[in-house]
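Here come two complexes built around subunit A, the first alongside subunit B, the second alongside subunit C.
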Partner chain A sequence: MKKIKLSQDLEYIFSLALSIVLALIIGALIILANGKSPLTAYASLINGSLGSPYKMATTLAKTVPLILTGLATAVAFSSGIFNIGGEGQLYLGAFAAAYVGFTFTNLPGLIGIPLALIFAALAGGFYALIPALLKVKYGIDEVITTIMFNSIAILFTGYLANYPFASSVGKMGATEMIAPAYKLLRLVARSKLHTGIFFTAVIALAIYYLMEKTSVGYDFKMIGTNLIFAKYGGINAERNMVIAMIISGVLCGIAGAFEVLGNHYRFLQAISPGYAFDGMLVSLIVKNKVVGVILMSIFFGILKTGSIAMEFETAIPSELVLVIQAIIILFIAGEKGFAQILRRIHAKEGVRGDV
Partner chain B sequence: MQESIIKLVGISKVFPGVVANDNINLEIRRGEIHAIVGENGAGKSTLMKIIYGLYQPTAGEIYINGRLMNVANPQIAIKNGIGMVHQHFMLVPSFTAAENVVLGSEPRKNTVFMDFEEAVIITKALSEKYGLYVDPYQKVEDLSVGIQQRIEILKVLYRGADILILDEPTAVLTPQETQELFAIMRRLVKDMGKTIIIITHKLQEVLEVSHRVSVMRRGKLVGTMDTKDATEQILAEMMVGKEVVFDKFHANQNKGKTLMEVKNLVVRDNRGFIAVDGISFSVAAGEILGVAGVEGNGQTELVEALTGLRKVEEGSILVNGKDMANRSPSEFRKMGISHIPEDRLKTGLAPEASVNENLLMGYQHKKPYESFGMKLNKKAIYQKTAQLIKQFDIRTPSGQTKVKSLSGGNMQKLVVAREFSFNSPILIISQPTRGLDIGAIEFIHRQIIEMRDAGRAILLISADLDEIFRLSDRIVTIYEGKLTGEFMTADVTKQAIGLYMTGKNLSTAG
Partner chain C sequence: MYREIFNITLLQNTIRTATPLILAALGGLLTSHTGILNIGMEGMILLGAFFGVAGSYFFESYLMGILFAVTSGIIIGIVFALFVIKLKSDEFIVGIAINMFAGGLTMFLLRSIFGVKGAFSSPRIQPLPDINIAFIDKIPILNVLLNNHSLFVYISWILVIAIYIFLYKTPYGLWFRAAGEFPEALDTVGISSDKIKFASSILCGILCGFAGVHLSLGYLTLFTENMSANRGFIALAAIIFGSANPLMTYVAALIFGFFDALGIRLQGVGIPSQFTQMFPYIVTVLVLIAVVKRERDKKALQAKAGRIDKSQSQAAGNLTR
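Our next item is the complex of A and B:
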């Protein structure tokens, strides 16, 4: 009998699905332990996130920063350079966009919005460039530097929002509002879903094209999978790592810009609840695959939005969703184990088939 | 002295595609230093790992102290008094010497906490008892390699080993440290009644320190003899063998002009020591220059310097009259140098990537595979990879298969296919058939000869003398970073080369 060999990707998708199912089951047990019905809870979670156009829009709005920061992680990590500084890049990008928005107030939206995005991209990209250069020139570990750069950027923009650029209303940790022309159009009434989602889709397509269909993406991936092989094959690893890092920073900067232009309309000193870290989780779970980042971001968006409805309807704390996310991550860390179990089951079936 | 402490009967070990040990019968006597010598890939380490329980033999029996044993894992080996000091030390750098010695079976306070003081006392007592002096408080990361090795030996002794297996213990030592180690070994055997098995391929060391010596070759035990009856000549002959396994190829007909010339090259290894010490040679179109040598004598560093992967300290690498020293790998490639690296998994391939992706390396920025500066053209790429897969007979379910699931022979064919497909005038080929089965070896050898006949200049580095003799037109021997001799293949015997590459004629050669 010919032995069926599972492709590695299929194995991974299986492990991932299993992880999610197991996490949901454990979540259900926790709900049960609290004397509530898991079915009702999950039903309200699904209903709360997908039950109406408004709810779907809210879910999608939550996915925008996740997709962007997730893609940022995917590009960097699959190129073998570890950008943990997405949060800092996002803050700088957000501030840069806000700065354009409350300074050049006379520009029409058609010019102003792209300008704000460009400033945000430049700020994020430049901020990512520094640790990248430190890495390739002096061998300074980018994981450490980017983590530290987060604090610098968050505190620095916090200072800017409280002092030099504080809102005229008072020191409340926010800048002036951006000019109305900069505000991105809301797509569904009352929801925060803005036209940035289209731009995000275009970016996602572009990143997919870059990573999967171009020689640049090929070089990136070869560096990420085997640095020695990439160098041996003549790829300029240093230059490519720097480029990947810049792209990553640019994406985080744009994520920050959308928070300002589409969501808050001003810079806030705590504008991100850790989007870049969520994005990093999303990307790590799907092994830095572009398509996976998008799907997993939507899944996380559903959990996030739905959890609030769940809390409202069933009094189960929305933090349960964090537990479920954490369990998925724990399980996916054991993915190799799942794959092995799967292989063993297959081997047994093979033997039985022979008899 | 005559009592046997370990007896192996008919031990065989088969890995997929490779017979590492073939029906080995070996007896180790109590209280002797038994040397096991052989070329790389002769199966010495595999055999030792079987004794230590790291591998299970495919066939055969192991007797320890006269009792038939199933050494299923190292714990069983340790319980039976067998200890192994690996070639690559297994110490925790940030721990002290004492902590490393007791690691794994620490003395405890109140059954929970490690008793550091007791560890120090144990280490002191052991090191005095055996004359292996170390400072128990020093961190391993601050200690020299020689001292680290002592800690490894102490670790083994702490676990109560009567039989010590030392896997190429001198490979990392300076000559002085080697002498110290030998003194320790003699003391352990003479005064403490221990038994030592030492794996090495340095023949002088064998003659100096061992009582008996066994020679392995291509997985078989060629013979065992008392060291006093052995000479380097005899051992070298046993090691490299006399029979020619393969058909000879016809010699090269048309040697062309010199394509690569290396002058007084000096290169350091990762630790900063001089690994290539003033090497000069040249390679002409249509010839294969073989570099014969035991591994670890500077070949790795030489090849890396010649392909841009390692810094050159001094000297020049002239390619078409242009000095390429310290250029980047991509510049070397642009100058028409292809490279089959010694470690295909680490350097030559991306095991996690697909066959197609691995074949694409080097083509991704070339037309017609790329257009508009970055767009990859799937059609052209797949055509090329399909053609290479067919031409080089790479057995793979598809081009999308991950390389790590291929067999060693097919991985190597992939590397060869890619590197030969560039039509580079200069080929640097390192250990091209290591670990491969006969079919794959034959295939790759034929490809190399075809390249030579097509007028390429080929530098062949191999630890396998048969391979060197079969393919090379000219041979240089390398020992401790220096070239110790140069010969036309037709005018020299394997035995002579065997002596040159083990350092025998160092003083008389340039």
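Our next item is the complex of A and C:
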């Protein structure tokens, strides 16, 4: 039994590697079509993301929101509830954290920071709860509702940052700065890597423990793989889906909080360039596995940080990595089909060989 | 103020804003009849919008814009079908992948071809023509309401009726519906249900291309990043509301279009744009709740009458995973 699982894992890792290579080749062709050398471009991508301690720190800083939103996706998706509303939950979490940070300015960091995180977690969790209830109570497709909720939250926080909580000085569409006590410590000079990465690591461990070592995680996955069987086995699917969704929203809310406390020090109306969607891709690529989410987040972090350097040095727009990311997931989605076709070709050749 | 907002122009705008929704929804309802839930419509619309602008810009011809958009729709429809039908991939993941791909690709091409970030417009881009129907000119209200709309408004009307007839009055339509409900039965009479599904995916790509080109060349003459603005998902809600029936789906598209148009007009009277832009999204959620209530009432009635009409809700049933 163990052996079968291991060989399945190996097969998957092989097809993942193949998908990444193929996507990078397609990326190379696009670079060629733009009249640039793929080798130079990819070299500057690697150098720009891993070439020095500062660059590595920048890459690692990028992985924080990816890991958190990736884990959020992993928990929800493996429980069979499709939370695509991470972006909205992230925005509400970010605003909630900023609100605490610019309102309770006299609190010491030791109390203020946890308070901001709790507010962010509550905001994200509550915002995820609504579509979850709509799904389990009324059977309303959560994919559509969470997508709609994204737009609503982004617009709503945009309103808050432009009108009632608009900063009196400087930027448009931004709140006041949070009090200095709330700012998370930066770990490497000039980089944006902050202590939130440790907290993220603890959360990742906790989610790993939850999903792999507890009966709750077992129930989640059972619901995700076979709902009817899970119900037959006496698992309360509705309740578990709602819980998974809340955990998912909480994680996205915290991801938003870190963008405020560790990165921008205020809420901005376009604070996330789609982190939750990237996190979703990360999780989908690794089939919602916690360890995979962490590794793939680092890979995406490298792509994202490196693409800026690549753009600077070769004038290839950094958006290229968005295309590469999407192609990876497409190939991964086709993994089983490809494998089957290969096997069929193999079998045919085998038959021919026998004759 | 009330009169400035709620007047005939609002209804005229409603028809205009409903058009991209119904065009995409017609595509999505075709795939939903064949048993495929297409989450990727959002990306398909976005690609259509981009390539519409690109074609129109390079050839200074709106016809080339349409041709480019349709071509992109066919290609992405084939990709979707290849993965979902041939490779048996998860249609949800493929849809998500297409959306992310479209978002990334259009941003990338916007910068690498046109050298701009965010939005692209140019006097070279030729918009779609408005159509003037001479005999309506003389009729007072109808003239404002129905005349001088952009080309695809009229195409969408024709398509609503054509696809309705196709689905419910022709044998091909029967094949489409059978491909979703009883694929084995279809296969046993020698018609490949996979081929029908393939056809529906490509048609969906084309119709989403129409929706996109209407967005970027029909009521605006520019392309902006993510200009599809979740219309692909609102279209999905319209299909659910309309139980995948083209006529009822158009009613849903008009409802969403109305709130879209209302939002745009309310911006003019000083309500923050963030709220007015929210309208279509909030209404989408409310409509989905209303659908549940309607279905429950219907079921309760049927239970009273002692019969269960299964076929009615079948196509809508295909929409749930």
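Simple rule for what comes next: the second predicted complex is superposed on the first by the 330 of 355 C-alpha atoms of A that agree within 3 Å, B and C clash if a C-alpha of one lies under 4 Å from a C-alpha of the other, contacts with A are read in each partner's own complex, and residues count from 1 in each chain.
To be clear about the criterion, a residue touches a chain if its C-beta (ideal position, glycine included) is under 8 Å from a C-beta of that chain, and two chains touch if they have at least 3 such contacts.
Quick caveat: nothing in here was measured; it's all calculated off a predicted structure.
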Fit or clash - subunit C, subunit B, common subunit A: clash
Touched partner set for A:319, first subunit B, second subunit C, both or neither: second
Partner chain in contact with A:52 - subunit B first, subunit C second, else both or neither: neither
Partner chain in contact with A:152 - subunit B first, subunit C second, else both or neither: second
Greater subunit A contact set [subunit C / subunit B]: C
Which superposed partner A:143 touches (first subunit B, second subunit C, both, neither): second
Subunit B versus subunit C as contact partner of A:37, first or second or both or neither: neither
Doubly contacted subunit A residues - partners subunit C and subunit B: none
Residue ranges of subunit A touching subunit B (in the complex, touch as defined): 5, 8, 213-216, 218-219, 221-222, 225-226, 228-236
Subunit B residues within the subunit A interface of the complex: 307, 309, 328-330, 332-334, 339, 341, 346-353, 357, 360-362, 364-365, 370, 374-376, 397, 402
Subunit A-facing residues of subunit C, complex: 39, 79, 83, 86-90, 92-94, 96-98, 100-101, 103-105, 107-108, 111-112, 229-230, 233-234, 236-237, 240, 272, 274-275, 277-278, 281-282, 284-285, 288-289, 292, 319-321
Contacting residues of subunit A [partner subunit C, same complex]: 30, 34, 82, 84, 134, 138-141, 143-145, 147-152, 155-156, 158-159, 162-163, 274, 277, 280-281, 284, 316-317, 319-323, 325-327, 329-330, 332-338, 340-341
